[in-house]
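Which chain is which? They are A, B and C, in the order written, and residues in each are numbered from 1.
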Amino acid sequence: MATTVLGHEAHGVAPAHEKTGLWSWVTTVDHKRVAILYGIGALFFFLLGGIEALLIRIQLARPDNNFVSPEFYNQLFTMHGTTMIFLAVMPMSQIFFNYIIPLMIGARDVAFPRLNAFGVWVFLLGGLFVNAGFLFNAAPDAGWFGYANLTSTQFSPGLNVDFWMFGLQILGVSSLAAAVNFFVTIINLRAPGMRLMRMPMFVWMSFITMVLLLLAFPVITVALILLMFDRFFGTHFFVPMGGGDPILWQHLFWIFGHPEVYILILPAFGIISEVLPVFSRKPLFGYAAMVFSGVFIAFLGFGVWSHHMFSTGMGPIADTFFSLATMLIAIPTGVKIFNWIGTVWGGSLQLKTPMLFALGFVAMFIMGGLSGVMHASPPADLQQTDTYFVVAHFHYVLFGGSIFGLVAGAYYWWPKMFGKLLDEGLGKAHFWLQLVGFNLTFFPMHLLGLHGMPRRVYTYPKGLGFERMNEMETVGAFVLALGFAVFLYNVWKTWRTAPPAPADPWNGATLEWSIPSPPQEWNFPEIPAVTGRDPLWEAKRQRGGPLPEPQRVSGQGIHMPAPSYWPLVTAFSLPLLFTGLMLSSKIGPWGIIVAVALLFFGIFNWLFEPSYTSIPGVRGKTGHSH
Amino acid sequence: MTDVAHAAPAGHLETSTGLDSRKLAIWTFLGSECMFFASLISTYVIYRHRSLVGPFPHTAWTDPATGQVYEPIIEIPLVTVGTALLLFSSLFIVLALYGAQRGNRKMLLGWLGATICCGLFFVGMQVYEFTHFVHKGLTLQRNMFGASFFTLTGFHGTHVSIGVIWLITMFVLALRKQLPPENAINLEMAALYWHFVDVVWIIIFPVVYLMQ
Amino acid sequence: MFLGSRVTRRLSWLIPLLALVVIAACAKDFPQTTLAPKGDLARIEDDLFYTTVKWATLVFILVEGALVYAIFRFRGKPGDPEPHQIHGNTIVEIIWTVIPALILVMIAVPTVKAIFKENETPKGDPLTVEVIGHQWWWEFRYPEFKLTTANELHVPVGRIISLKMGAFDVVHSFWLPEFAGKRDVFPNRETRLWFNAEEPGEYSGQCAEFCGIQHARMAFRVVAMPPADFQGWLDHMKSITTQSAAPSADSVHTSSAGGGVQQESTQARQAPGGAASDSAKPAPPQAQGSDVAQGQKLFLMKGCVGCHSLVAYNAPKGMLGPNLANVGARSYIGAGTLPNTDENLAHWIRFPQEVKHGVLMPNLGVTEDEAKALVAFLRTHR
């Protein structure tokens, strides 16, 4: 909208090095920096979620334990789930969406760089908001799924549920902004010749994830709005006494919640589909089937939500429908697993760290998928649901799946992002500690659940046989922690001492490996033209050997979007709005009014940003709205 | 890329589809909004007849405790006028956009102004209706119909209000001669949003006001 | 292909069978296990579970086996040539789409059959019991007999128990693993479940839907008794009144319809079988007459009577606390939180917030002597 505010474009010469310093990070709109900001947040919250898990495991190591109080335990398991899902796995996926997608499709940035920055600031602020409850000893404590009517003011009178409810709303805005951005980016900013069926599989899976985000998040937005109205305005949407129905919450939540789990796993599917071919030195097996199975999973994923509700007594027809739909989803999922095995079959496997985690993903996901099929049968599920059997299942797919996949991506793309390779020896140690620790922690949970231990319990009595397995799981959790510590040490050590990484350390197939490590701000000196899948392998094949190391260029004449602080300013209005609501009994509507004013102020300035040519050090702006 | 779109004359957009990214973004956002309103409408449909006490939308109710009679609370005439105006406003904004794309500033300002007036009337009509209902005993807290009615129509009304603010902004830009044909796309985005808000009302109106 | 698929097929049926044997043998170590069903409904569910386990094991061995084999067989060495660049194989892909579909059909068909079987209470004169979940205890009512009790559900062996369930406050879930999968209970609608006990004994169950701070401490027990004993229990429960009673040697009890001195019954109890019950079954009280009388007075003065009913027959509905008609004889107090010894009961009465923080029962400032009296009084309600 600001295109012709001044009637002329203003652009300066891009300097050879991107600006450093705090201000340049605060105002960044560069997708690569946004990715790193997501990474810093994700790492911090993953650690937080991990500590919460360790505290849970210490409490459960012994029966009738009182290491933590029941109140604090309920906050711990609620926050562990909320943090890992919304503040760890999703932002970790965002690291790779942000850094890698533009590189893979041959673009200079995303379609809306300022919207991108807005998304990461909202995420960071939302993550802090949700955790702020700890400061008031009122961290969310009604489970990450917040079932009504436990979350009503009658049964949750404190601030805990408010922090959860509003925190998730804020995070939802971030996810939606990113989804619009990447949906448009993938459709519209592909390099010439990159038809949809030539896109790297990571881009495809991410694209499908964006569609899921766009369609699933509004549903939980509405659910949270209804809950907020119950808690703040006295409505009875989920309050039985006034005619409301707690089961509506369950339906709305899971209509969001089930696509959400595909949002959590599809990016990892995409990462694996990049790593396995490169380290098998042969292409992905069954590209088209992989695309269509991904689409099918996403589509079907909206039709299975009530498999989370088999114990609510929906009646045999509903049970049957959701059971069969859930079993149906196993088919495209199986196709993917077989295609991955088909990829490594007959290859020349390079068992470097990224590949180890990728193979570990497949191995663990097979198990998680199988326990999922067991859940798909309602009669069997009536024994399994709400027990540690489910906890085992979803950790196998979310940790054994998503986390293993995301870690594979981290080791794989680390040299591209930071210009250094992570140490192989430490990487292997990390892998084995994580594999062993993971199985030690989560495999016994299958048995625990089948032997009668329900979930979300702060303790259990002696005499039910739960002691030994719980002990084992606690040991496993600490092995996992050790593995992660090895990773952190690896990062720290190589940051200082490792030699610079080449552009293409792994003999990659996709465009990101054709530019320097790390890339220059504009990514490609010239937008490449693409003639097939695996463009870099094709180029190397035509050349008869490896490509020469790409040179860094001056970037003269390349127009890049200018930095801006308006995304950050606008982002602040969101936590401010909900804080204002929470304080409204004390300060009236003023918090809300100030927040809304700030929101409008931020948006208007964002849209009408003038050019900055006179400000030294700041590159000229194209004056274009984005 | 957005900078490419700027550097070249209007119309030369180097996107993979040939579509302007901003237009694609609005369509994408509206797709998401469909799910938002679908959830709200579903909630309304589920709850509207599950009130424990009146007033009810289409039937009368006598409070057994006090003997007070509550007439059916939905009143069609005023809302129908508002609905018609909202529908016409979609036509008006098409005409305004036509003017903008051809550099016809008078046409742009005239029809855009008409659109804004319709939007303001609609919002005003809703504010009146809400206060009237409250006066007659229907509040958010009163019963399930009240909760779901005010929430659904209130969020729609909020969307209309944001649309009106957006259109007023466009109007001011047009007044300052900052909406030439090459920037008409900005009005097109607002128009898309406006049409969407209208379409949602086309669903809400029969479901809430006409269906018994 | 590899490892002889026929061999793996034979083995794959053996492994769950072995597992079954091992698990069944260990079942006594796990009193709340789902893997040793003791009733028809749990058996239906268990059969289906084993159907899925068999297929899952087969798939696991084949698929995980293929993966592990591939990792070793196709390990690359330095200097290896580029492998054959395959992009796919349509026939193979079709096969491995169709086969899982067929396997799923093998699971789906028995699943659908079982869904419909489960959802219909079997005919045959079921005994209806109403279950109401509270934060954090279980209320049980026998509408046919107008009896109310709490946390311990007595049922006759060999009869279908038809549960009609709801909740007083938030959503809970009734889970009795040895007899049935779980069913959620809601404050605004009725849900149903059925089960039957084949063997007498005491069985444990637990709430399985997070319901607030003390969700972990919302257990219940089911006491299955031979039909004659169950009838005796019903008659006995009907006869309990609010007043205390002197102990009596004979097992004949007078069923007085209100008022009068209650004859303490020393009804023979079925020895708990199977389930590991570490609760010391409370012994009949050596009633100190003054303690019991004092306890009865305190029960009124301290306000206990406001939340707890001492009669099971025609007990009022909507009481905030569990029915205490037979509390003296229950295995546990606080819904499975503490074994029902005199010491524990006294401690519970004095400091419920220390034992189970967050319960509705406040610390009432009961002294040690007062607690002793109350315990003595409550022991007469058994």
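Here is the rule we use: contacts are C-beta pairs under 8 Å (C-beta built on N, C-alpha and C of every residue); 3 or more make two chains touch, one makes a residue touch a chain.
On a predicted model such as this, the values are computed, not experimentally measured, just so you know.
Chemist: Quick check: more C-beta contact pairs in A-C or A-B?
Modeler: Counting C-beta pairs in contact for A-C and A-B gives the edge to A-C.
Chemist: Suppose every chain is reduced to the average of its Cα atoms; which one is closest to the average of all protein Cα atoms?
Modeler: The chain sitting closest to the overall C-alpha centre is A.
Chemist: I'd like to verify one number: the distance from the centre of chain B to the centre of chain C, where each centre is the average of its C-alpha atoms, in whole angstrom.
Modeler: Spacing between the chain centres: roughly 53 Å.
Chemist: Cα centroid separation between chain A and chain C, in whole Å?
Modeler: The answer is 38 Å.
Chemist: Once you find the CA centre of chain A and the CA centre of chain B, what distance in Å lies between them?
Modeler: 33
Chemist: Could you say which residues in chain A touch two or more other chains, in rising order?
Modeler: As it turns out, chain A has residues touching two or more other chains at 244-245.
Chemist: Provide the list of chain C residues touching at least two other chains, using ranges where the numbers run on.
Modeler: Counting only residues that touch two or more other chains, chain C contributes none.
Chemist: Inside the complex, what are the residues of chain C that reach chain A?
Modeler: 29-35, 42, 44-46, 48-49, 51-53, 55-56, 59-60, 63-64, 66-68, 70-71, 74-77, 80-89, 92-93, 96-97, 100-101, 104, 107-108, 111-112, 114-116, 118-119, 135, 169-171, 173, 175, 177, 180-184, 186-189, 191-192, 204, 206-217, 219, 276, 278, 336, 357-358
Chemist: Please give the residue numbers of chain B that touch chain A in the complex, ascending.
Modeler: Touch list, chain B to chain A: 1-7, 15-17, 19, 21-22, 24-25, 28-29, 31-33, 35-36, 39-40, 43, 46-47, 50-52, 140-141, 143-144, 147-148, 151, 155, 169, 173, 178, 180, 182-183, 186.
Chemist: So in the complex, the part of chain A that touches chain B is made up of which residues?
Modeler: Per the touch definition, chain A meets chain B at residues 1, 3-5, 9, 107-109, 111-113, 176, 179-181, 183-184, 187-190, 194, 214-219, 221-223, 225-226, 229, 233-237, 242-245, 248, 252, 255, 559-561, 604, 622-626.
Chemist: What residues of chain A sit close enough to touch chain C in their complex?
Modeler: Residue list for chain A touching chain C: 69-71, 74, 142-143, 147-150, 155, 240, 244-247, 280-283, 285-289, 311-313, 315-316, 319-320, 323-324, 327-328, 330-331, 334-335, 337-339, 341-342, 344-351, 359, 362-363, 366-367, 370-371, 373-374, 376-387, 450-465.
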